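Next, two complexes with chain A in common: one pairs it with chain B, the other with chain C.
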Partner chain A sequence: MAAQPDFLWIKNDMSPDGRVFRVSRQAAQHSTILRALIEDFEGIDLWKKEQCIPIKIHVSDQCLSDVLQWAENTKTAPEKGENADNNKQVELAAEDMHFFREAITTSEKLYELLMLTDYLGIVPLYNMACQVVVNMIMGKSAEQIRRMLGISKDFTPEQEEAIRAETAWAYDEEQPPLDR
Partner chain B sequence: MAPTHGMVERPLPANPARLSVTQSTRTGLDTAGDTTVPSPASNTIGGITPHAGIDVSVKLAGDDSRSQPPASPKPCPRHLLTLPPEILLMILQALDFADIVRLRETCMQLRALASPQQVRVLFGPDRLHSQPL
Partner chain C sequence: MATHLTHLPPEILHSILSHVDPEDLSRLPLTCRLFNNFIKGNNLLWRAIYTNFLDEPPTKDLDFEQEVHDIVKLKRLCSPLDSTPDTEIQSHLPFVHRIVTRLLNHAITVPSLTTSTSKSTSTGTGTGARGDGDNNAPHPHRSSFFRSSRARTFPVSGNAQFLTDLFDSTRARRNFLTRSFLYERARALAVAGFADEPHQLDAYGDVSGSETDTAAEGDDDVSGGGPRPRPRRPRRTRTRFGWRRPRRPREAYQLSAKLHCLYGWGLGIEDGVRPGATEGEARRRAMYVARQRAGVYALACAKVYDLREYTAGNKWGPFLEEDEEGGGGVRVDWEKVEAILVVLGANIRSKGLERFPIFWYFWGKPFAGSWRGSYIPWSKDREQGKESEVKELDRMDPYGVAGSWLRVVSFLDFTDFFHFNFPIGDRLPRDVPRPPLDIAQATRLILMRIHVAKVEPAGPGDHPDYPVTHFRGFSRALDGAWDENAEADIRGTVRVTPEGEIRWTSFSVFHGEERWKSEGVQIGGIRSARGVVGTWFDKDFNPQGPCGPTAFWKISDREDTATGPRVLLEDLFPLIADDMEDELADDDEDSGDEVNLQVLDPFGPDWTEYELEDELAGLYYFDDEDIFDVEDVEAELEGIEGLHNGDDDEEEEEEDDDDYEDENEDEDEDDDNDNNSDDEHDDAGEEDGPAADLTHG
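Right, the complex of A and B next:
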């Protein structure tokens, strides 16, 4: 049996032990850069384990394996050439909801997921991760956002006063809402 | 790095003054070249010469200053605000104006990021007009 031609090898290059992960050809289609790589190097020995593709960002092995697992599990073919749909609200399917609940439990993991999906160009997962952050922020007051993101107010009192004055309209309850 | 360690340390069994000299040269070499020297090795050397107490503290101070530079390039705090701006802007893009207004009131960084100019560029004319408040 010759070398299995249907697996890519990906190495977590920035991690100290540098684990190597196996990605099926089908799962690699989810990533725009891996897809482009496969198309460009179709005839060349891309499928050997020695030819592993390095991930040059700081992510944990756990995150990388979660994302690759997601790619393996998600069978729906990624739509090609569909761009400019950024305005569309991303709907999370049930299995993706499950993924986020299981794998992405802390904001550190969410951070890594965003970095990695951006890096690999896994657009659906990237959009979903963005949507998760959006859902975290949506409908919260400034103080709630601050508490959730763990940030401190670094305005000077004068600045804060200016901001208050600038966005006073947002808190003016006398004003009737604009009807559109 | 480890073999040179042994070579430098072994000929000085109990001379604190000379030991401190070699320590300083060692740290100087380390900062110039290799940065991945395991600090436990130097600690065990300290254990071999227990009477050279001062030297150990000097050595530890040197280790601290050496371990800091490699730590800084690694993005240790995986805070959402330390994400690169393009990702933050992607998130911004999916928010409503009302949320952006509140986001701008949280801290200086987000206020600078979600400037009116930025929002205008990001959303484009079509969305600016269709955006419900």
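Right, the complex of A and C next:
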């Protein structure tokens, strides 16, 4: 395929398959890393397949593909500026819900999504992924959380008892007074 | 390679976990070792959880884990759904008091003018007042230091909002804000809203509250103390005249009253007016309640106007009787402050003043600026972006005295006052409160403009870390035509008591002669927007009175306080005008044209005459009827029963004050027997005889 001027090429060096992905200029705007790259190298010819940008992160090509697909599909302008809040509560829009239902079906995939969006600085998607985890945790009992996140209990009964005592504050009993 | 969520790098775990609810952090450590290790002692994470919904605290070295623990517990105690029995919940009052005051102490503060808190003077001397140039303020939102509306003199606070939400639960208000003697008495007398709750007056030692209470009960003949059955019968708390007050203030009473003071005036239990309810609805209810004059209000009046509670030992102010040693300095009597707030709040509402935001921000909303450092300076110069020179004296004054203050004073007609305090053949024991006082009062609005006269070091009996500010100024009743009391000079002092409360003492000077004195305490602490609440009385402590409640709160700053014209209204007017603009904007976008205050230069030379006549009629709400509309002495000592008639006629409109009287006259006779002629019952003997302040359900 002919290299068009408005596409970047990305390849994950850590992935065994190592496919090369095409990223439109518009989609690249979602990633603070790619955006910075484009700004810094505006004059230079970035837009060739031979100029493939290597990334190094332990995620599958499937995940990279999903994320880039999301970026292509998401037209809303990403937040501009340095202080785009990296850490705020988000509501998931319907398309994004769809994305999470279709693409992120296991907690492994969620893990990869978090790693990758953090790496590429795709803040909105990262925040949404965080929120998805938060929603899995909120209001659940320890056992439910374990099941939800696929964690296995690795305490001895004694350890568990000790932690239970430490976290009793949330249930009932006096705390020693605090000095101001 | 592990691709498990628990193996995420710490920064990603952090950004996930900083979004969960505080309660979830109690369960996560139980899931697995990794979460446990990550969460425990992770102050950064706990801090993120804390600041998710609370203000950035002024001190940086908090143990946020502990803070969040306490807050979760507080939430649970205030939850309307928790299944714990109320008596058990009430026993946590000391904890609730501690955490609520702590949250208010950590609420967002506005930097003060004083050099002690403002580091930077690089851009000139006046900048501290605006909140910029003050680098140690940890708050990123500078804009919150400007008033969002001119009448709103305190910033939006996550802490105050959190507390407001907590106490939105009626159950929380009942459990923690109604534990003072005032409300215990209301329960004992089964007044409106409290009829179905048992009181605990028969056993002082058992009343909910901290265990430490029992230590103070020794003089009530409670030996052995504690909630267990006592071997010896306690001193009877009930006489045929009514229940005795405890000799020493009970800690639980005081704690609850203080919480109530921080909360605001009304609990929405006795009268159905919820703070923050929409204005129209609140007003309709208020008028209804004012006409009814029922319940706790009458009990609070009986406390506030009871001359026996004004003594040398409490300096005639809202203070506790001094210890015998007297060395401790004054301590605030929060139960007195609570009663004053109840009385003034109801009076303000019955005047319809609550519709002005400069009132309802303080008298209609919970936790309204009741924390230290909450006052946001405002003046027309500042609003126009002009820097103003801060005078040296003002810089030395940590209390932010200089400026204009709006003041409310209530009083009884003197005949009523006298009959209430000196009934014929008065045999009421000293420690039994007087019967409910249910009688019209006059309420005056006063504008005070004061400036710092001098600042002196703390004297004996003051908190050693704070100076004493002396102020002078001028006051004028907003009811200009009223009488020779309309204008007065003001002088007084502000100081900090050893326990850290801000105490205001002032004198009103007429024609060079001091006449009235006032003692008050600033709710929330130093430079709180909520202002000062206290008592007024004869400056010579005349044993025949009069006395009454008063409150004042700061509305604006002004640079030329020392000279300048004495007319003060221009300090108030922009605030009221602003309110009206807001109101109009809310109602109807076009209606701005009708009044169009914006195009009038509110600071122009002629505005006072013009505007006040036309637009501020509501502030001239006072006519002589206020003072004398209930003349009958018989009416004054009414019991409570008579006041609950007509619960259903709230739809009646506001104006008809008359039927308030009518309703009550029917009941007069029953109650007179009890109240006015106690001597006739002298021989009745038994303790269960007709008690002066009892109504028999």
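In the analysis below, the second predicted complex is superposed on the first by the 160 of 180 C-alpha atoms of A that agree within 3 Å, B and C clash if a C-alpha of one lies under 4 Å from a C-alpha of the other, contacts with A are read in each partner's own complex, and residues count from 1 in each chain.
In this text, a contact is a pair of C-beta atoms (placed from the backbone, for glycine too) under 8 Å apart; a residue touches a chain by one contact, two chains touch by 3 or more.
All values derive from a computational prediction rather than experimental measurement.
Aligning the shared chain A places chain B and chain C in steric conflict.
When the shared chain is aligned, no partner comes close enough to touch A:M97: not chain B, not chain C. Of the two partner chains, neither chain B nor chain C is touched by A:V20. Legend: residue contacts after superposition of the two complexes on their common chain; A:T167 is shown touching both chain B and chain C. Residue contacts after overlaying the shared chain place A:I33 against neither chain B nor chain C. Common to the chain B-facing and chain C-facing surfaces of chain A are residues 58, 86-87, 89, 107-108, 110-112, 114-115, 118, 126, 130-131, 133-134, 137-142, 145-146, 149-155, 163, 167, 170, 177-178, 180. Taken together, the chain B residues at the contact with chain A in this complex read 74-75, 78-84, 86-87, 90-91, 93-96, 98-99, 101-111, 127, 132-133.
On the side of chain A, the complex with chain B involves touching residues 58, 86-87, 89-90, 107-108, 110-112, 114-115, 118, 126, 130-131, 133-134, 137-142, 145-146, 149-155, 163, 167, 170, 177-178, 180. Of all residues in chain A, those touching chain C in their complex are 58, 86-87, 89, 107-108, 110-112, 114-115, 118, 126, 130-131, 133-134, 137-142, 145-146, 149-155, 159-160, 163-164, 166-167, 169-171, 174-175, 177-178, 180.
Across the interface of their complex, chain A is touched by residues 1, 3-9, 11-12, 15-16, 18-33, 35-36, 40, 48, 63, 66, 69-70, 72-73, 95, 98, 102, 105 of chain C.
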